[in-house]
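When the chains are written out, they are named A, B, C and D in that same order, and each has its own residue count from 1.
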Amino acid sequence: MTTDTTPTPTPGEDFMAEGSPRQELAVEQVSDTARPDQWWQVIWSSKKARVGVVILAVYVLVAVFAPLIAPQDPLDSSFEPLAGPSAANWLGTTTSGQDIASQLIYGSRISLLVGLFAGLISTVIATVIGLISGYAEGTILDDLLSFVTNVALVIPALPLIITLVAYSEVRGIWLIVGVISITSWAGAARAKRAQIISLRNRDFVTAAKFSGEGTWRIVFREIMPNMTSLVAASFVGAATGAIGAEAGLAALGLGDSQSVSWGTMLYQSNAQGAIAQGLWLWVFVPGLVLAILMTAMTFINFGVDLLSNPHLREDA
Amino acid sequence: MTLLDVRDLSVRYEPKASRPLDAVQEVSFGIGPGEFVGLIGESGSGKTTLGTALLRLLQRPGRISGGSITFDGTDITDLPEDDLRALRWRDISTVFQSSMNSLNPVVRVEGQFRDAIEQHSSLRGEAVTRRIRELFEMVIIDPKFMTAFPHELSGGMRQRVNLALALALEPKFILLDEPTTGLDVVVQHSILENVRRLQAEQGFAVLFISHDIGTVLDLSDRILVMYAGRIVEDQSAGALLREPLHPYTKGLLGSYGDPRQETVKITYVPGRPPDLSLPMVGCSFAARCPERIDLCLEQDPPLVPLQGGRAACHVAVLQREEGGAGPHGEPKRGFEGPQFVKTADESRSALTNDVVLSVEGVGKVFERRRGFTVTRTEAVSDVSFDLRRGEVTALVGQSGSGKSTLARMITGVESPTSGRIVFHGPDGDQQVSGFRGRALRDYRSDVQMVFQDPYSSINPAKRLGYVLSRPLANYQGLKGAALRERVMELLERVALTPADRFVNRYGYELSGGQRQRVIIAKALAVEPRIIVADEPISSLDVSIRAEVLELLNDLVKENDVGILYITHDLLSARMLSDEVIVLNNGRVVEQGPTLDVIRAPKDDYTRTLLDAIPNPF
Amino acid sequence: MTYFARKFGFFLATLWAVVTLNFLIPRLQPGDPAEIMVKRLAGKDAALDPAQVKAMRAMLGAPDGSLWNQYVSYLGELVHGNFGLSYTYYPYKVTDVIAQAFWWTVVLVVVTQVVSFVVGIVLGAYAAWRRNSRLDSIVTLGSTFLGTLQPFWIGLLLLYVFGYSLGWFPTSGGYEESTPGFNWPFIQEAVSHSFLPALALLIVTPIGWILGMRNTMIMNLGEDYIRLAKAKGLRDRDVALRYAARNALLPSVTGFALALGGVLGGAILVETVFDYPGLGRLMGEAVQNKDYPLLQTLMLLTTAGVLVANLAADLLYGVLDPRARRAQA
Amino acid sequence: MTRTRTKPTLIVTGLTAAALALTGCAGSASQKDSKASADGMIDQLTFPSEADAAVGGLVNYNPNSPKPLTATWLYEPLIVRNSLTCEETPWLATKSTWEGGNKLTFDIRDGVKWSDGQAFTAKDVAFTFNLMKQYPAFDKAGVWNNTFGAPAKSVTAQGNQVVFEFTGNAAPKYDGIIATKILPEHVYSKVGDPTKYVDKTPVSTGPYKVGSYNGRRLVLERRADYWQADKVKVQKIVLEGQYDAAQAALKLRAGQLDAYYGEVPNPKKTFVDADPKNNHFYYAPNGMTVLTGNDQQKPFSDVKFREAISYAMNKQDMSLKATYGVMKPASQTGLKLPSMASLVPAKYSGEDTVLPYDLAKANQLLDAAGYKKGADGKRTNPDGSPLSVNFSVQAGFIDYQAIADVVVKGLNDIGVNSKVTASAPDSVDGQKKTGDFQLMLEYLHGGCELAKNIGAKLSSTQIPTKTDIFPNVQRFSDPAVDAAVTKLASDTDKESQKADLAPLVDTMMTKFPVTALIYAPARILYRTDKAVGWPSEDNAYANPQDDKLLVLTHLTAPK
């Protein structure tokens, strides 16, 4: 293989790629033309997703380095209550003398944690149920799992969440994560079921059977890797939903009241009639940062969607 | 005067995330009124892109990057969409490749005629209906199907409807883009007959795009051969058959042979077409060309007039200039590349080895329960044959003939409803019927499968090494270095060498032929006694089919494995098999040693299948 | 035939599952409805007067017997269409209570859903057709941002701006001085009172439709029948509407039915923020008051509504998509 | 801080408020109101709806239904007792007389007419109470059962008197009996089960009759033939809408509401400051928030420990953080001061019974009691085992959570390792029943029936059971105290009651069964532009929240 002219540099091309300008004698060449773009390239190719990734990165940094960034301890109630913005309290203080800016900064931790874990758990549930159900399509097992999925899908989630949270003895972040997870998986499970139904009759699945693979291995090692983009999209979607749900629950007064989150900030500020007292920032800033985070994550999902749906590419 | 005049047309795809690609490069040709022109090329050659460009239907990121298209005196290259609209369908219409998708699934067929007719003519109401009825009759479809939805029509009917739709406004030019691909040979034939008849009657011009030179040859007045985005040869059909100029054309022609002959040779073009997104020096076919000379590597041959046609080949030009006596020798008619030869003697030595699996009077009835009615479909009835060690049995028939059902029963996926299948394995005879779990898995260490579509039968998310290692790990318990060594061996065995270049590749990085080799290697991994090969070549480009056949042939000889070769194509059956079983509607209509069946077919159906083999000679 | 039997069987099975869940969930919660009622009534709950609790328990008469017996009698009552007496509005029947709130929510939800569906579909289709245009970006980005806003937060914002600062709309309730019924003053009041809640729902809901429609439509635009329609020289409008949008609409139709469940959930928040006298608020109240019969019936009604909507969507799908019709036949 | 407003769980309501709380300029109906008319009459006052019903149109005035449209203005009680000062105002009864604790006689007022014109008699009263016997669900006063005192034997009308005879001492039932709404026999005797009776056309003795109701807005019109019509100056009362704090504040500021009884945080800033001349509030101490340890478990079973931590409570801070400084630190006597000052035993009178915040003293007490401080600053139990306190707080009760933070800070400051666990209010109620808790916040009601309040709090007979929450949540048990409570309960005489109370107060002050933190209010926020005469700190003639009838008779048009 002679390579006498410099190949056009291509991102992601490895040294083995034989796309030399003179393709002579490359009788058995292995080309990279058919290789799909790497997932990060695809996501990054969307302007929206780029914006989303950058914003999310900022939030993550703020959450990780909250102790360094936040001017105060968010639970320290030793400041003068109801103070306006100042050097010590950038956004003023709450009625119980806590620093609003610090609460806002620390609040990102709860939102991101809930998003991460509730998104993960919900995605795992959805994936396992969706994959098994779809792979077993037409059997009793599928009927059963589809039934459970459909029931979970039609039951109005919010009343269910409210009842579940009201039932629980202790309200902590893990409860919220758990409740959100178990009420939010059904839609994704259904999508995955549909997807695996379209994949399970592919020849490579039959081929795997002929390789002597067991069912679990076929489902999770052979088929699932072909659904990564769908799984990723459903994870990002679930995480976004979970962040919103956590805020919603907390704002209803059903959150973990011992931790600082944007939802609890909203709840506290409203319960204290913050607007009536002129504490604008206390009410509107948490809602705004929340919406920005969720928008950013939705933007990222625009990018992820491109993976599973090449038709959507070439935009942004 | 030409109806359609294409000059230096180039089409460029510019995806944001990857390299731009010139799918069509400076193509020039013309089509006269009423002329029937074939456009041949393998997948990826740019023929469909060219067709789409002619229709001005290119979508981003593709665009016409140069040249011009003149239709009936009007330059339509940059004609505004509004002006173009007047021309569309009234003058230029089309039939697309995928008959499944080119009709709007939610609108009745009649409506899809009506909107086009009303858009471009003054016909309204009942007159339109009459016209549609007329069109239906023209393509020999009962007009009662006018009110059907597309999904209610069979594939063949749908394509006839598409044809009728294309003719609705009596256009001057119709682009047929692989209109019969995916249809049964018999149906294919009747549709093409139809096209030819209508063209003769109505005198429209046709550009017929196909990957299969056989289908186009007898229809076309003139043939364009396309390779890597360029036209490499342009000759009248007769001249092309008589004296193909470009080696690639020779390769295409060489893919066919007459199965009745004593010795059948079919050639194949090794390798794969170049990556059009990379710059190219020299002739784009040079890498695969057996007649290549040094000049081919340095200079891109222009498409020049030659022998009344045109060709883009240095060698052909030099040979003609030299009159056949020069350093480049005589022009050769055949393709000088690798070939797969089967003699009659080889075929005659068949049917002597041990039987490894016998199918005894097998029938299969499917029952579908819908409400209170039960529909019984007899997919297979009373089929008997043997599979022998080191021999190939071909199961020939169209889709729906029951071949796949038989394959499923033989691989243990389904049970016969009557008769029995006996596997004469190392542990004694074993009746094959609806194995489950462990038993099925064990049985599959003896029976393996090669699939029709090499594109979907390799897991796109896994490296080849992994794909090949799984059966070894599962059935032979190999691990670590031993496993890896065996994987390499397998790759070498199917000539994917050097193996270490392939072992970490993904399936989609390979060409179709290479992929099919991987599948074969995988089937070989467990050293099975039987391989069921379900149409292993039908989705491959014509030019490389023989390559896979040859490999299978070698395997039979060397590994002493019995192959059940399922196909609709008697030529490949002749090349590969020792015994042929012709299935029609689930019944065996003819069965016997391959040569006997092909040379002296007793059944009409067998004859129809034989006729369907394109015979350019 | 089987198709319908299957659908209906599933409908019944789901209904049963939901009925059972509805029965269980409220009972799994801590708290005694009588105590809670007394707390709320007395207005100084911590001084829980045992005599009053006793009286209240005698009045509400619930819950007694084992969970299983309660369940059996619950099912029996349901079969007879007897949903019991509301604890909160004792001695009114649950059905009477719900009847009061029913139309408020149904009108609000149906109007907003239909409007947001139509708006979403139209905007989504247009964005896909004019893909990558400025309008496409505005629609996609804007609806994304609005769609991630929390409904109650939006509610607050609207209340503040339009209710209080500008004073254009009333800020709470469903009406004021008029008498409910089919009379002009009432309709006027009802419309002006519903406007802000409807707007709050409208801001948040179309995003799903817009993005869903846009994506399916973009996918459909790549289909051969669209190319053929263009090749036929049809006008853009015909291609966009009759070919692309008509097909892209199909998945949204089933989505529409499923979304109803979510909307009813969202209505709890919005109705509460706006003090709107509908089912959502009633449900919030029922949760607070542990009004089991009311809560059960509301959840049953909601889920049954969603189920029926799903069934209807399946049937509608058959009408819209001839391919599904054959599968049903 | 009573849990007066409905803050638990679903508090979206809170949100509304916030937005509403802005400028309040949505003028409408009640704006075109009434100025004082010449005769000192007031045209109309608007109060929030009493039935906090989400749906209108379900009319029911039956005073014993869970949510009548109004429970205040139609049916009347026998006697109104100001729950702050415990002064009684005769109402439908002119006089009550105990004979021992077993027999109670009411003199029924003459000249009272039902709103349908029929005369009100003692028979109606006897009928009402006998109805309770027949339908226990009606027996909110517990007359016929043995909660707090012996059940009744009979209730009979004797001329213009009604005589209650009990099987034993029933003195603590007095509060419930006098507050019972009297029903017309000629109506309620014909309706079958009165608990299931939907009373749409009330026949009542009260100052108002129903004018109109459109499902949302209840208009009550003054009865000219009311028995004390001369005292009622308000022509029309409108009950409309349910508001949360901020919403109410707005409505009040805009003059669309004339009084509001729920919690409004920071009433001074959100309401009074907007119009100091007309806007006023009165948060009367009505009980107190107490810190309740489980007295049957370590470490709260140790009196010394309870005493020590009582000094670590920064009540000023709690007052500030939880109530914006409105509610004052509470007296450890368990009595609401100053309104019950007269009941404070001589031993403590003149002394400041509010325990000081004194960490040094707390530390010193703990050291002395053997709770040693380890190297890490954390104390251990006297037996050396680790000491840690889990504080269950009702999630969503913002003021409780604010107090809890201060409590935990105080405890940690003296080396008692503590943490807060927020649980659903209902779960906390569950813990009250099971006793499965260490420390929580709770309410001690300062009602007039001392035996039912501070008495019940300390009596071992009032420890919660698995099914019922009784007041002695801390599970304090002392036979001497039980005896004192029994004595107090059976006494009907004020002076001897005071003497009976002394050992209970002493127990509070020395045994610290619970630690008093800050007072909890009975609230009113009101406007004086249309009516004056509202109760206030200076003139606490009525409990502003509970005694609305009494307040009404004091309202006059401003001069």
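Operating definition for what follows: a contact is a pair of C-beta atoms (placed from the backbone, for glycine too) under 8 Å apart; a residue touches a chain by one contact, two chains touch by 3 or more.
Since the model is a prediction, treat every value here as computed from it, not as a measurement.
Asker: Return the chains common to the contact lists of chain A and chain D.
Answerer: C
Asker: Looking only at C-beta pairs that count as contacts, which pair of chains has more of them, C-D or A-C?
Answerer: C-D
Asker: Averaging over Cα atoms per chain, report the distance between chain C and chain D in Å.
Answerer: 39
Asker: Report, in whole Å, the distance between the mean C-alpha point of chain A and the mean C-alpha point of chain C.
Answerer: 25
Asker: Can you work out the whole-Å distance between the CA centroids of chain A and chain B?
Answerer: Averaging C-alpha atoms per chain gives centres 44 Å apart.
Asker: Provide the C-alpha centroid distance between chain B and chain C, rounded to the nearest whole angstrom.
Answerer: Here the centre of chain C sits 53 Å away from the centre of chain B.
Asker: Which chain D residues sit where two or more other chains touch them?
Answerer: In chain D, the residues touching two or more other chains are 9-10, 12, 15, 18-20, 22, 250, 424, 426-427, 430.
Asker: For chain A, write out the residues touching at least two other chains, lowest number first.
Answerer: Where chain A meets two or more other chains at a single residue, that happens at 162, 166-167, 169, 251-252, 266, 270, 275, 283.
Asker: Chain C: which residues touch two or more other chains?
Answerer: Those would be 29-30, 152, 156-157, 160, 222, 268-269, 287.
Asker: Once bound in the complex, which stretches of chain B touch chain A?
Answerer: That would be residues 15-19, 60-61, 270-272, 274-275, 277-282, 286-288, 297, 411, 441, 444-445, 448-449, 451-453, 456-462, 467, 470-471, 474-475, 496-497, 501-502, 505-506, 508-511, 514, 519, 522-523, 525-526 of chain B.
Asker: Inside the complex, what are the residues of chain D that reach chain C?
Answerer: 2-4, 6, 8-10, 12-13, 15-16, 18-20, 22-29, 52-58, 60, 64-67, 135-142, 145, 147-148, 173, 176, 195-198, 214-217, 241-243, 247, 250, 261, 286-287, 424-427, 429-430, 442-443, 445, 447, 452-453, 467-471, 520, 522, 545-546
Asker: So in the complex, the part of chain C that touches chain B is made up of which residues?
Answerer: The contact residues of chain C facing chain B are 1-2, 5, 222-225, 227-236, 238, 242-243, 246-247, 250, 320-323, 326, 329.
Asker: Can you list the chain D residues touching chain A in their complex?
Answerer: 7, 9-12, 14-15, 17-22, 245-246, 249-250, 264-266, 269-270, 320-321, 324, 395-396, 398, 401-402, 405, 420-424, 426-427, 430
Asker: Would you mind writing out the residues of chain A in touch with chain C in their complex?
Answerer: Touch residues, chain A against chain C: 48, 147, 150-151, 153-160, 162-164, 166-167, 169, 187, 240, 244, 247-248, 251-252, 266, 270, 275, 283-284, 287, 290-291, 294-295, 298-299, 302, 305, 309, 311-312, 315.
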